[in-house]
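In order of appearance the chains are A, B, C and D, and numbering begins at 1 in each one.
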């Protein structure tokens, strides 16, 4: 099973006619993802990799009974695209787009909450339930079916860690990029809750980084709820100089709660083992399997 | 993108938020001329894009236009936190009864804007927040409603004002929110708002950081961002930014480039663990094009501070074959003898690896090993 | 008991320092309404008829455990005032103010719906549960305790009819002005549901007028739900020339569904007796008591 | 408040919605001059604030500037539905492939704006709605979201367009919504939008009614509303409006004044039931001041068409003592011999009654009886 996406996911691609949309639709189809339609306003009627393209999400969703969307549209149009998906009753939305203004993201999340929808991202590699569904841009060959659930704030670092797990014989139930922006949809706590309920998931890896307090909130949740499943963490940015921007706004060091040290201590205080290097995640988990 | 105090104050003025009368000067003579148009006493403030300029000699007082000239001459000659002072802001000094704080920023965990007010302004608000959190009033801003007049009035009440003073103050709060929205502020604050002994409220300092991702909506500032002498960025940082790349200068000797902030940070961490010193943080981001890879490597290879360059690419949107071609082109272009350590896996990995191996470049597939190799080279091991 | 307001209502007055606010606060107090506080931004600290005035609704509501508000502020500030009351967790709001722009009223109603609040008005005389609570500007002497529930789209016409009932020995459970604007909060259907549940109410009078289709909706509801209580109606504007504005926008004749004839027929078709003159309401009801 | 076609089109033009090239003319010569700047053939449209002007001779075609002059001369000389034509709009006639409808108005029962589109524009949209409702596409506009680009695209799709045509059309829809919000429209419509044989979309006629209650936000129109020759109101209606009163002229002889639209309508109905004929609808509204009562009665008493005046006041916000004083003042001022029938009950009823009775004026307390008495007087019974 895994969480959020699986063999029953019927996805549309918003922005399917753009370079990235087209390229990754192909890769998702190759992986076996059930992409049922694409949407690009003004391009209705054409086909991309045999997938029908519509002018509106409403048409695409209704005709193909879609239940998920992956968004590739440029940042200035991402808010609109998400709203359009929400209004068409799509309740699982992966926003790949990066550089979305914070003001727009805040509106996206508020409207999604009103609609009880799951937003993954923005600025995420997406989500993959290996062997069932890939709704994202991650290199598929890295991932294998298994029992480790991964939730990560970082894109490529997730691949790094999943690759390490796979090479050590540890497959994944679902691997989830939360997105690298200051404002994202799904967070660690919500992902933890889902992984706890998922029967296939036996262990959970949380990949954090400097900035914000999502890791601290996860630690607090773990302290209160004491999940039965094994949890391991990694936090990137120990050596990031405070106050400097590390590539995206999500990584600005904001006070103590934003530092890697603070996050690592928060995890360790509640009994979560924290890997020093990405490759140590696999070593820590391997001991238990 | 940080705005200069004078830029932020210009905006406040447009929104009819009271600020002290003042003008910008870029030379000591101009500073004196400016102060002749103002009333004594004066404040001279260095226009630099760093916090804490006061302690670094960036804020001084003067009684006469000649004093202003002398102070400005000194200030226009210094560097504050390694940034040159190119301009000073001269303004009238107020008679202070009380200093307040009001700001708006992002609350990540609530996924919304948050308004912050305090009757203990004028000092580092983070310090107040840590030591006496009860003196900080916060209000999460409902994204659907925004920050309305009654929200502003509530906050003015909460920091102790009522009646007409509350109305006046709340209008300033509300306008600051309007500015925050109009300018896509990541952070905007008036610190301090001075309540003068005459009972007026005046925004004496203003900070405004525009969300970089929203700069396309604010072309006038986007343009200014990359003007030399008008930015907090180093020349290399400007160069990287123009190429659409995220670069932060550090003080070591191992040039590092990767795709994805998390991966690059992890690479920095790994280099540290092996006791190496990164020269920089360099994220070429998702879906980097061949020409961006060329620009990035060009910057690193031509940097005299770097003794070795570590490339760590794990392709998702970024395609390994593009990266490989970029690396070859960059090497051709720079004709550099600097050793390159390349780690390349992910989308179109085989093709990328083939391109590089064919020209005799060795490619690693393990990040930790690549970090170690780079450190070994830098330490001459 | 009656509906919405009763002896347990603890009301604040927004705009208490204005001429109307001040005047009607006095009259409501005289009636015995539990007015606990007033609000006028910038006037906090003063007292009106011994009632404390606050700068914000939040303070007034919290300190006095208010559960209702009556709004007298000028039209340009009415939207803000209603939002402020809603945000302070007040869930019964009577908007006396007239001439509120439609655009503002639409926002008021949407926000009230999100908060599951009852809005009465705008442009209403308010609501009275005789003998318990008057939250409005109606002349109190007209109303008497009894068992007839009145819901009306018109102000003074309601007094006319209540007066007629009272003079014929028919008291009222609750008498409610829905408001004369095109966009109002509570409507006939919602009022009907409440009156049906109210044990004290034995009969219901609906006072309609030309414009909109609130009467037709009420008729449809009656056809579907067949309420057990006796319902009688009056519709003003039989002789109104179509297309002319009758004093307020709420009375524009819009197509057939807006005419008095259409509304009267809709009521009669579902068995509701429709009075020809306001004074006939009392005559029709008197037969049954 | 209704806007003239040329006013509405000016706004559309500002929002870059395509309209036919055209200009306003107030004289036949000006009409010819205008058409010399345009390309033939022409349309001449009477600028009057009534619907259905086409059938009443308010829209004509012409091939040459001289024709335009002749047609305009005729049109500027007529009345349409008793309104004088003071100006004509001359515009270029399009080659029509298809006529569409798009409008935004209020849905009372949904408490929101509603957008309406149809591929069967160019005729009375209400007729289409009644006879072939399937040709009408409606969309309730969520007050929190507004009418966004994708909503506009959905509607353009639903009336049969796709690809580039859908995008163009949806932009027109979206702009009309922006205008509706910016101008507080109660109703705004483009009917028809012409799809030309060249595939362009052009708004050929535009209606815009501004919510009267929002006119304080639109002072330029508020001012125009009461200019003679620029309004659909009669002189008496303008006079009432200036006094803040709601007056509608009817064709009977019984002047009627009351407070509250419902009560006044019921009074009209009661007069009718007794076979009388109301001369007008006159609502002095809630909380009428003494001076408003004076103005209102003054208008009624000085109207030569009224033989008797019926005042029906039931005081809530309106105070009976103010009304009584107003009545006395008005009678003094007008020195009219016209019979007055007064019914007065409600707030401060005793005081009001006392004031009038003291001066010998009889006051009734029953509306139906008052209506009957007024009719009796008017019929000389």
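Definition applied: contacts are C-beta pairs under 8 Å (C-beta built on N, C-alpha and C of every residue); 3 or more make two chains touch, one makes a residue touch a chain.
These numbers were taken from a predicted model, which means no experiment stands behind them.
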- Task: Using the touch definition from the top, list the chains contacting both chain A and chain C.
- Result: B, D
- Comparing C-D with A-D, the one with more C-beta contacts is C-D
- What whole-number Å value describes the gap between the mean CA coordinates of chain C and chain D? 27
- Item | Where chain B and chain C are represented by their mean Cα positions, the distance between them in whole Å | 55
- Message: Can you pull out the residues of chain B that are in contact with at least two other chains?
- Response: 144
- Query: Should the pattern of chain-chain touching be classed as line, ring, star, complete or other?
  - Reply: ring
- Item | Contact pairs between chains, per stated definition | A-B, A-D, B-C, C-D
- Message: Can you tell me which positions in chain C touch chain B when the two form their complex?
- Response: 41-45, 55-59, 80-81, 83-84, 87, 111
- Message: Which stretch or stretches of chain D touch chain A in the complex?
- Response: 145, 148-151, 153-154, 157, 162-164, 166-167, 170
- Item | Contacting residues of chain D [partner chain C, same complex] | 106, 108-109, 111-113, 126, 130, 142-144, 181, 184, 186, 211-214, 216-217, 246, 248, 250, 258-266, 268-270, 272-273, 278, 281, 283, 285-287, 314-318, 345-347, 349, 366-368
- Complex interface listing, chain C residues touching chain D: 20, 24, 27, 75-76, 98-103, 105-107, 109-110, 113, 125, 137-139, 142, 152-160, 163, 180, 182-183, 187, 207, 209-210, 212-214, 217, 234, 236-241, 244-251, 255, 276-279
